[in-house]
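Next, two complexes with subunit A in common: one pairs it with subunit B, the other with subunit C.
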Partner chain A sequence: MTMSVKPWVWAWLAAAQAFAATLVLTSGRGAGELAYAALSFGAFAAIVGMGQMLVITLGPGNVDLSIPATMTLAGTLALKVMGSDPGTAWLGLIVALGVGLAVGCANFALIWLLRLPPIIATLAASLVYQSVAIWSNRGLRIKPPEGLADFATGRLLGVPNVAWVTLVLAIVVWVLLERAVWGRWLLAAGQNLRAARLAGVPVQAVRAATYVAVAVFASLAGYLLSSFSGGAALNMGAEYLLMSIAVVVIGGSSIAGGNSNVPGVIGASLFMFLVVSMLNSYGAGAGVKSVLTGAIIIAIVIAASTRRPRA
Partner chain B sequence: MKTLLTGAATLALLAGAVHAESHLVSTGDKRIALSNNYAGNSWRQAMLQTYEDTAAQAVADGVVAAGDAFTTSENQATEQAAQIQNMILQGYDAIVLNAASPTALNGAVKEACDAGVVVVSFDGIVTEPCAWRIAVDFAAMGKEEVDYLATRLPDGGNLLEIRGLAGVFVDDEISKGIHEGVAEHSQFEIVGSVHGDWAQDVAQKAVAGILPSLPEVVGVVTQGGDGYGAAQAFAAAGRPTPLIVLGNRQDELKWWAEQRDANGYETLSLSIAPGVASLAFWVAQQILAGEEVPKDLTVPFLKITQDDLDAALASTPEGSVANVSYSLEDAQGVIADAK
Partner chain C sequence: MTETDKPVVALRDAAKHFGPVKALDGVSLSVAPGECLGLVGHNGAGKSTLVNLINGTFGPSSGTVDFPGGAGDVRAVFQELSLCPNLTVAENLAMAHPALKGVGWRRPAGAEIRAALDRVFPDHGIDADAEVDTLTIAERQMVEIAIGFAPRGGAARLVILDEPTSSLDEGIARQLLSHVKAFCAAGGAVIFISHMLGEVFDVSSRIVVLKDGTVVADRPVGDFTRAGLVDAMGHVATEGAAQQAARSAPGEVILRAEGLEARRGEVVGLSGLAGHGQAAALARLYLGLSSDWRRGRGAGAVFVAGDRPRDGVLPLWSILRNVSISVLGRGLVDRAAERRLAEDWRKRIGIRTDDLTNPILSLSGGNQQKVLFARALASDAPIVVMDDPMRGVDVGTKQDVYAMIRAEAAKGRTFLWYSTETEEVCQCDRVFVFRNGEISAELTGEQITEERILEASFEMQEAS
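Presenting the complex of A and B:
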């Protein structure tokens, strides 16, 4: 095997280029501002993206389409329980993670017990979660407790707190995937489910843990995002459906499963924010923006996939 | 009815109303249904709430026999067309419609008309000629934003435009009005334009991304629901808060009141009241009662100025949107204006 460029390099290169292209326009002004904004907003996409990456790694047909509804439900219920009262941030976090756990178990129950394809199961279940979110609070926007809002929008050593949270999560996921036996099991199941089962891998347990993990990641993102933006909204997760899949693919993970990488998801999340900022800064209209964003994504995916070493 | 006994002026009104209703028939046995395409934001939730309250009261008063509300789950025109066909089969006398598409439902709407069902579209209107339309002059709303900025900032300057959801009729109309306004007031220039999807967090993200590349911005023109997010993004970037034209969300109004108390911040809020659903309900009732109603009606937009801010804030539930519930008399007024 030759020393080849890692597939995640392309996402980072593209992010750096989008960053540089925006700064060309401002002749270097506002670099810190833009980097800070990219880290803040990229963090949410990276968290859901890592969850989606784990599911996609499980192999063809595995994807979680309930991410937006899970984010909305977790954010809505957590903020409702906290009710803007100071000192309730941990309680809210527990509620949000509890929602993630319940959603993950429910999704996997549909997939495993009823043998529904994951796309159908998670899409159908997401209607239920969205409806529960609507029913529980009828779209009223409750402010997060002040301490929590300060944390979500605050910074440490010049880096947004949400980016630190993402970094910690990324290290955990990376260690699990690259250094723990669970990661081997996940990759084995994603490459060939039957072979993995015959080799003694507890494939159903691996799948269950993965579907729970993605839901917990989504609920954490929902909790942080609603604290960051001053309250949960019923449509707050909408843009993270395609975003979560896009960052996985741009990051160089295989959409066919059995192959994943954490750094790529993070680079791709930064890129997705920066490319929109760049096109906005250059004054591109909505149509041009969509066409260019699509073209750039395709170019990166091609670059990342053709340079991948043949196993 | 109670309030009508309070004075001579209202007695005169009562006499007028009785006179106006003389040629109308009772609608006590008529059934009205709401066909709604989307429920996933606070505006739509407030709209459904107002409709349900209005309809429930009308049923309790015996004005109509039923006023049920139905919402499709996927915001798809095909799904809503099927929903309308079901309503025809269920024998509703009128359908109040907030449509997923201005054209894609025309076939189903025509079927309803042919079956003798009255169709009143509002907010998301349909172009099918047999239906009634309660529309907002969105372009005028956009232009009024710039007109207001011109009175406040006579020297002009750079503006940031926050648009809504790309490809939606309302977004194009408001933006068109804003650009007309800028063409008229040449001291303004739009230096940046982003899509905030009418969602606060999306607007915040888009503004945070474009701000580093912008020169000084004196004003922000919005489409509602995105003003607070824009303010947050300006604050996070350490820039002075420009004059932001706001929408009708409670958190926007609250932020405005806080700024006003802290530093005398002054602005304007323009929006469409979700209560327009109750107006559509009464218009449908009037058509069923035999009133001659022109096919195209216009509803005024909701405007909150510095003077009404406290009153508006007091009447808006925490986390909801500022709203107006229209009565039968309001509907009759709108109909009379259109004649």
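Presenting the complex of A and C:
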């Protein structure tokens, strides 16, 4: 198997360059802090990005736009159930994951039973999820239990705990995609749904599992993020809508489906944080920052977009 | 047709290499006006590459491709259908007609395609305003051929037909052959590529045999015999369909659906004119035998697609992954076993590649079809459903696959086989003939003859 440059290399190269460019300005001071911040904030983008990657792999038209609302709802309900009481962290996690399961099933029910296009189904459903979050939250900002907050902001061996969680998830997703039968089914369905069905792949089961997986990933990210930032906020998921799609594309997964890669999503998540902090440290204004971020993303997508067959 | 002595196209030492693969290895060839050149060779012999060189899809790696009278009005009709499925028949013509632009192009486009269809296929029954994806695969092929011959603001000088009859039934194919003869008699040139040697003999004035990327024979049609042609192609094929000795005694009925009945170890044929509901019945039957949701129940049957891009090939994947998708089991993929299985089938069915991790799209059409066969036969499903699976497969491979089907049937597998070729249907133990979406006859054993099938394919007066 000869493969010259894998598509995920570009995302990692870009992240490394953004990192280096920032350090040039500070003459190398603060490298540790910058890396730590990138790992912390990149972790959340990577978790939702991996979920979005699974859905996008299902093929054209498949995308989950309810990620922000799911994050908010899961974070809000989990914190409400925990009510800052110590020892309730596991209960909160179960509630959050339960929210993810329910949201995933609801999304797929709309897509499958009502035959709505996934973009419409998830966008419309996200309004409902957001409303439930608003209704149950009523403007209160509940603090996470102390132990959980300590975990979410803490570190192990100098690496943020949230980054460890992301690493474990990434390994699970990678094994699922590259080594498990389920991953083969997902990739086959994404290339040609009809051909996959005729080859005996249970395509509806694959699609359902994928939509549930993305919602569970989003709710886990919502749970961790609200614990990390000291409470759930109604707009806490907003930036993750475009972020989740951007990291998939920058990471070298095919937007046309049937092709995905986990390392690329991780690299792209680090890059998305690093490029903003690089532009910040160079003192770019808000407008310039947006233009440059956009231009850089386009450049990387072009560099990584040469399609390569997989063995 | 002024300069009749100049060839329409002349290749000198034309070669095309894809990396280390020599798809075409120095071919010299010319086609004169009024000539119909039959081009034959096995899958992967370089036929499609030659077409792409003449059509200008890509240039030669070395050598030259010359058009003494200009490269305009050279048309190619491809084996993999190339119409836009979301557009109407007339709109598809307009795309290939540069002079049709501005306001009011629809009416002339509709008129032109209607005239072209009427000329090649009288009584075709195709609506010029129908969207292509509502047409059957045979009708799409007819539209594609008609667009190839349509004037399109000039007059076709050379039309390349790559496996044009593989999805057409006999009657329609005959219409095409007589149109080709008339077209050549009027001074046009045709390159006719087919695995159906009878048609090649019928229509060609000269036959060129390709083998492993080179021309091994180039003679007028009268100098060939059928056996000599098969020899020149380099495959020892047993002639004819006379090997019916190995037929097994069928077992109990294991399938009753769509009005069909199949017994264990039986090869059941579906016949009739193309587009009379056979493919749809097979797809419904297969989908009914397998599940959208569960793998376990799905293992009762496997499917061999004939429409490769739509129903079969997973285009981003390697040959290896395309072979193994139906037999992965559960949990983690056993990659060593997967490779052993694919290597085994590469040898058994003769997939022409030296590395199974090459992309599936690097294979020629016929070899992709072998991959789909391997995918189905590698499973242990008791029922194999085949939707016209021999499209674009060469004579030698067909014989190998017939033998393989017979051997598997003898072991107790049941085959449901839709084919547009009567010769293939005559290999079956039991044949259902379709007409207008319904079964019009059930034939068994000695009753299976070309005459009986044709008789049942066409409307009969009601017997009192």
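Quick note on the criterion: the second predicted complex is superposed on the first by the 304 of 311 C-alpha atoms of A that agree within 3 Å, B and C clash if a C-alpha of one lies under 4 Å from a C-alpha of the other, contacts with A are read in each partner's own complex, and residues count from 1 in each chain.
One rule holds in what follows: contacts are C-beta pairs under 8 Å (C-beta built on N, C-alpha and C of every residue); 3 or more make two chains touch, one makes a residue touch a chain.
Here the structure is a predicted model, which means the values were calculated and not measured.
Asks: Could you classify subunit B and subunit C on subunit A, in the superposed arrangement, as clash or fit?
Replies: Pair status: fit.
Asks: Thinking of the overlay built on chain A, is A:Ser290 touched by subunit B (first), by subunit C (second), by both, or by neither?
Replies: A:Ser290: touches subunit B, not subunit C.
Asks: Report for A:Pro202: first if it touches subunit B alone, second if subunit C alone, otherwise both or neither.
Replies: In the superposition, A:Pro202 contacts subunit C only.
Asks: In the three-chain superposition, say which chain, subunit B or subunit C, touches more residues of subunit A.
Replies: Of subunit B and subunit C, more residues of subunit A lie in contact with B.
Asks: After the two structures are laid over each other on chain A, how near do the C-alpha atoms of subunit B and subunit C get, in Å?
Replies: In the combined three-chain model, subunit B comes within 34 Å of subunit C at the C-alpha level.
Asks: For a test of understanding, state which residues of subunit A touch subunit B in their complex under the given definition.
Replies: Touch residues, subunit A against subunit B: 22, 25-26, 29-31, 33-34, 36-38, 40-41, 127, 130-131, 134, 138-143, 153, 225, 228-231, 233-236, 238-239, 273-274, 276-277, 280-281, 283, 286-287, 290.
Asks: Okay, in this complex, where on subunit A does subunit C touch?
Replies: Where subunit A meets subunit C, its residues are 1, 175, 179-181, 184, 187-188, 191-192, 194-205, 254, 258-259, 307, 309-311.
Asks: Which stretch or stretches of subunit C touch subunit A in the complex?
Replies: Interface residues on subunit C, with respect to subunit A: 283, 286-287, 290-295, 298-299, 302-303, 305, 310-318, 320-321, 325-326, 328-333, 335, 357-359, 361, 375, 379.
Asks: So in the complex, the part of subunit B that touches subunit A is made up of which residues?
Replies: Touch residues, subunit B against subunit A: 39-42, 44-46, 49, 73, 163, 166-167, 192-195, 197, 199-202, 204-206, 208-214, 228-229, 232, 236-238, 249-251, 317-320.
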